[in-house]
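Each of the next two complexes has chain A plus one other chain: chain B in the first, chain C in the second.
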Partner chain A sequence: MSAPIIWIVIPFISGLLTLLLLRERVSPLIAGVVASALSLIALIFPIDTALLLGSISIKISPSIQFFGRSFTLTTADGSLLAIIYGLAALWFFGTEASGTANRFVSLGLMIVALLTASIAVEPFLFAALLLEIAAMLVIPLLVPMYQKPGRGVVRFLIYQTLAMPFVLFSGWMLAGVEASPGDINTTVQAGTMLGLGFAFLLGVFPLYNWIPMLTEEAPPYVAGFLLWALPTFTVIFGLGFLDRYVWLRTSPQLSSAIQFAGVFMVVSGGIFASLQKHIGRMMGYAAIAETGLLVLAMGLQSSQVINVTFLILIPRGLELSVWALALSVIRRKAYSLRFSDVQGLARSHPMAVAAITLSHLSMTGFPLLAGFSSRLALGQELAGQSLIISFWVFIGMLGLLVAAARTLAVFVMAGENKLWELNESWMQMTMLGLGMIGLFILGMFPQVLQPLIVNLPALFDHLGQ
Partner chain B sequence: MLILVSCLLLFVTALALMALRVTQQTARFSWLVAVGGAMLAFASVFIWLAQMPFEFALPPWQPFGLFVNPVLFRADGLSWPIALSIGALTLSIMFTAVARPVNTNSFAWVGTLTLGGIGLLAVTADNPLTLLLVWGALDLTELIAQLASVEGSSNNEKVVTSFSIRALGIGILLWANVVSISLGSALNFQSIPAGSGVFLVLAAGLRLGVLPLHLPYSPDSSLRRGFGTALRLISAASSLILLAHVPAVGDIRFAPLLLAIATLAALYGGWMWLRAPDELTGRPYWVIGLAALSVISALSGNPLGAVAWGCALILVGGALFLATVQQTWLNRILLVGAWSLSTLPFSLTASVWIGNLGFFIPFVIAAQALLVAGFIRHALRPSGRDTLESQPGWARTVYPAGILLVIICQLLLGFIGWDGALQVGAWPQAIIASLLTFGLVWATPRFRILNPIRAHWVKNPAASRMDDIYGSAWTIYRLLERVSQAINVTLEGEGGIMWTLLFLVIFISLLTQGIP
Partner chain C sequence: MIIEIVSWIAVALILITSTVMLINRDWRVSLGALALQYAAAFWLVTRHLPFVMGSAKLITGWMVVAALGMTRLSLSAVEDDKEESSLLHGAWFRVILMCIVALVTFGATTRIDTVIPGLGLPVIAGSILLIGAGVAHLGVTSDLLRVILGLLTILTGFETLYSAVESSILVAGFLSVISLGLGLVGSYLLLAGSTPPEAESEL
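So, the complex of A and B:
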């Protein structure tokens, strides 16, 4: 069997079957088990290497052809696939507790499969198309049946769609640049096109206004999944570009542009988060700030660029899933996620409030929590390059801290004599509890990620070497 | 490993109390469990002396290229006295709990033991990474313990404010690390670059736990005595240990300015402490005053002095704040604390003025005299009105033992166990400070300005000033909030996409102008 069939076709078909055949209560479990199994297979069985199990020899071939396009997953992709499907499993197992509709897991599996295809496809420019299809598949998740889509959803679709032609054009022009590297005009045009494409895809300042709109109007769990999945694969796609084109990697202009974009995202995300009165929007802005950190990590002129990037990416999945799940729990009880409606909920929903607080603090880089080690590492690498950028990142993180403090203050402002009680279901408590334990484990022992990260630089021929 | 043993003894005891609270709420042996654990932990800190100096490291963080420093704890001549002080304070709080009106297994006991354990880890942290992690644990523990024990929205808000300010201190220490790396080396306590020193002082200052000025408990709450004392003093000690690593005046940027600010803070803390209506109201000023003296010692190039003031803060302050029962002989024994603060030869603080203070000496001596005079005044007229009359015989013995324990530790640290023991120190300064103290003690009841009797309904002017500062901060915040709302409405409204594209064009043109 070939790797693309295992990690692209099987999850896609599983998603489809789950949507058509399975009942509401079983589907999250099935999807979670499928994703976990795929993650374990990626960890245990190396691609393109013969493995002897008794007298049986097993070998996963790396590629297949599909309509003249090749989909290739190499040995080096193993860790990446394990991370992606491991985190996806986390999201799917949490679906039942979040009370999200059945189609989330089925469409979610299909989206992850398509996004995996985006990192496997050759020529790699077709990834832009696959990202666009994945973005379209998200729409049914965001819009309830028989309802008009909100403004955030429409804007999300517009920006993701605008990204595609820019990326495709830039790819076409980059081929020209490779042929004649001395042509400055083509180089500048290609660089600008590429920059714009990724600016739309990642939601770079000021193109991210769909994110807070979406986190305000869509179910938090779905919005959180979207904020995890799309930027994760876009970053991997972007790293592929940087790795492939030497002039992009060495261009001081592009490096400056990446740094500016990252800093703007971190600072504006942090400051806007601190000024919100809606905890859903706050999650959106925190995600923006973290995407800014990812952009900054991609722009590092250091051999540690891959390590730092994935050190941010992996905890991000956990932080967002715990945060989104807790918001879903709160949203089922409160009229809305505005401050006025969630005030004092810490005493009636302590687990959900603790999960929101810890995820938020983790995103600010609070010690002992999952996000700390990556912020520390990025801060150290940035400090070696520019103290001014480090300062602005510090300001952005400070904004997130203020937001976390405000949210917590609102949650705990209960009246006199309000007793503590647990109103979450056992399933919600289990999932939130496990998530919070995970945040602490990643915060105290980030070396547990090392087996996953250690082989990732091999994915890229030049970056991080 | 011994460090871990001491901490685990406290953590396991806290866990056992939690389990007892859930399974047997009325268990009468809970107090014995708490005291047993605290006593074993205290004894185990003494065992450190047999092996000192020694280290304990956790598995190193990976990738190695990104994380240079391991999570490392070290017991040595600087960390041991503060560790002993924390152990003694924790045990003393448990002993004196018998005299409090609410003497049952509570979150306050669990919180006190956990804080004690984390405090031990904090003072033995051997590099900024380790200290950051322990500070994080300390802050989360304090947050949970306080939220579980306070009532009312305003008090809960105070808890969050206090947490945020300490978290800001963590941020400042992280920034010190960034500055250090930009200057060419990762921050560690063995070689702190001049540019980072000022941030270390700032981080320690923010984390002293004095803001907001008063703990979110009602004045008559028994939590204010036991748990409140642990919160205030262990928090402060975990921050002051950072000062023991701050470079001296000559090696630090803005040092004279910092020294001047610290001296002003010491004078202000001493003055407010002397005039405070009672010791609990004055407790934040006690922390400010002694912490400022600790900063001054550190900046004068004398880390031993910083540690000595830290021990005095915990042990002398602990004895005073925990004493709630009116017993004349006990009140007099409390005056041993004045000796510990006197800086006279062989006292706990004998080593504090060895460094070079130059022009600031007279002001520092004045601040010290104000603090000692305030201590004597509060020791002789404690505000506590608890009684042991209704307590069984063993409780009447255990309570004074708790107070005596911290007093004995004060005397003991003057003679054994660390680099600041058996010091003659700068005795001429000590004598001048002592004479000034006696003068102040004599003058206090005679001059109204030194001893204002404030009616309880008159608002504390310091608290009122803090309210003004909070009010101004809120005004600025609301202004920014309105600006943010205007931007959001513009970008997310009907014409949002056009506005966004316009902004994008402006940014690109601005950026391309700056890039060759």
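So, the complex of A and C:
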């Protein structure tokens, strides 16, 4: 069997079958098991290497041909697949606790399969098409059938659709730049188009206005999944560009542009988060700030670029899933996530409030939590390049910290006579508890990620070498 | 020579249909114009792609029009009234907007032809017109159907241009899937909110 069939076709068909055949209560479990199994297979069985199990020899071939183009997953992709499907399993297992509709897991599996296809397709440029298809599959999740679509979802659709032509056409132009590197005009045009494409895809300042709108109007769990899945694969796609084209990697102008974009996202995300009165929007701005950190990591002129980027990406999946799950639990009780509606909920929903606070603090890079080690590594690299950028990143993180303090203050503002009680279900408490333990484990023992991260630089031929 | 003339007729058709879509507020006329626009784009696409691949794009486009049309037809008459009330509001502004798009196209076509030779002037002019009209459309509306029409117009323009530089079947297939997906997503969003929560849980 070939790797693309295992990690693209099987999850896609599983998602489709889950959507069509399975009942509401079973499907999250099945989808979670499928994703976990795919993650374990990626960890245990190296791609394109023969393994002897008793008398049976097993070898997963790396590629398949599809309409004249190849989809290839190499040995180096193993760790990445394990991370992706592991985090996806986390999201799917939490579906039942979040009370999200059945189709989340089925469409979620299909989306993850399509996004995996985006890292496998050759030439890698065509990933833009798969990212767009995945973005369109998210729409039915974001807008329940009984709810009028808000402005956020429409803007999301517009921005993702506009991104694809820019990226595809810039890729075509970049090939021309490679052929004649002295042509400054073409180089500038290709660079601008590429920059615009990724600005739309990642929601770079000021094109991220759909994110807080979406986290306000859409189910928090789905919005969180979207904010995890799409930027993760877009960053990998972006790293592919930097790896493939030498002049992009070595251009000081582009490096500065990436750093400015990242700093703007971190600072604006942090400051706007501190001014919000809606905890859903706050999650949106925190995600923007963290995407800014990813952009900054991509712009590092260092051999650590891959390690730092993935050190941010992995805890992001856990932080967002715990945060979004806790928001879903609270939304079922409070209906709205405005400060006025969630005031004093710490006494009635202590687990959910603790989960929101911890994941928020983790995103600020609070010590002992999952985000700390990645911020430390990024800060160390940035400080070596520019103290001014480091200062602004600190300001952005401070904004997030203020937002966390404000949220906590609102949650604990309960009447004196209100008693402490646990209103979360056992399933919600288990999932939130496990998530919070995970945040502490990744914070206190970040070396547990080392086996997963150590092989990731091999994904790229030049970056991080 | 005849082919060149037909190609320029296709460009003129694109200009007319884009302007009609931008100015006219009746969804039936707009969808009819979109269907004609796909036919014109089909001709330009087949300048560089085989007839079969061009036909696939045309059929996909018409399927999108049919999906959007059927969805819109099933919506209440209140929506029609809302559209009619805004009829002719800013019509001249939209005409001027299309004139600007046409002027930009006129100026950019020869320059692009110099940078990327071999595409053909009608193909470049047609695609720039479509992209410009789509962007103009997105800029002046927040109505969901019109947003989808704008996005489809941009996508058609891009497909026309990109088909001249990339003839991969996989890309053509994916672009068709995206067009169809955009139509279906548009239909879904148009229908969303018109179904009570009870019916949703049964789906």
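Throughout what follows, the second predicted complex is superposed on the first by the 463 of 465 C-alpha atoms of A that agree within 3 Å, B and C clash if a C-alpha of one lies under 4 Å from a C-alpha of the other, contacts with A are read in each partner's own complex, and residues count from 1 in each chain.
Keep in mind that, in the parts below, a residue touches a chain if its C-beta (ideal position, glycine included) is under 8 Å from a C-beta of that chain, and two chains touch if they have at least 3 such contacts.
Keep in mind that this is a model prediction, so the values were computed, not measured.
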Judging by the criteria at the top, classify the pair chain B and chain C on chain A as clash or fit. fit
For A:307, select first, second, both or neither according to whether it touches chain B, chain C, the two together, or no partner. first
For the superposed three-chain arrangement, provide the angle chain B-chain A-chain C between C-alpha centres, rounded in steps of 10 degrees. 140
State whether A:373 touches chain B only (first), chain C only (second), both chains, or neither. first
Using the touch criterion from the header, give the chain among chain B and chain C with more contacted residues in chain A. B
Partner chain in contact with A:147 - chain B first, chain C second, else both or neither: second
After the superposition on A, what does A:158 contact: first (chain B), second (chain C), both or neither? both
Taking the superposition as given, does A:172 touch the first partner, chain B, the second, chain C, both, or neither? second
Identify the partner contact of A:66: answer first if only chain B is touched, second if only chain C is, both if each is, neither if none is. second
Shortest span in Å between Cα atoms of chain B and of chain C, once chain A is used as the common reference: 6
Shared contact residues on chain A for chain B and chain C? 151, 158
For chain A, which residues are in contact with chain B within the complex? 151, 155, 158, 192, 199, 205-207, 209, 212-213, 253, 256-257, 260, 264, 271-272, 275-276, 303-304, 307-308, 311, 344, 346, 361, 365-369, 372-373, 375-377, 379-384, 387, 390, 394, 397-398, 401-402, 405, 408-409, 412-417, 420, 444-447, 450, 453-454
Sites on chain B touched by chain A in the complex: 59-63, 65-67, 129, 132-133, 135-137, 140, 147-148, 151-153, 156-157, 159-161, 163-164, 167-168, 170-171, 174-175, 177-179, 181-182, 186, 477, 480-481, 484-485, 487-488, 491-492, 496-497, 500, 503-504, 507-508, 511, 514-516
Touching residues on chain A, where the partner in the complex is chain C: 66-69, 126, 129-130, 132-133, 136-137, 139-140, 143-149, 151, 153-154, 157-158, 161-162, 164-165, 168-169, 172, 186
Across the complex, what residues on chain C touch chain A? 115, 131, 138, 142, 144, 147, 151, 154-155, 158, 161-162, 165-166, 168-171, 173-175, 177-178, 181-182, 185, 188-189, 191-193, 195-197, 199-200, 203
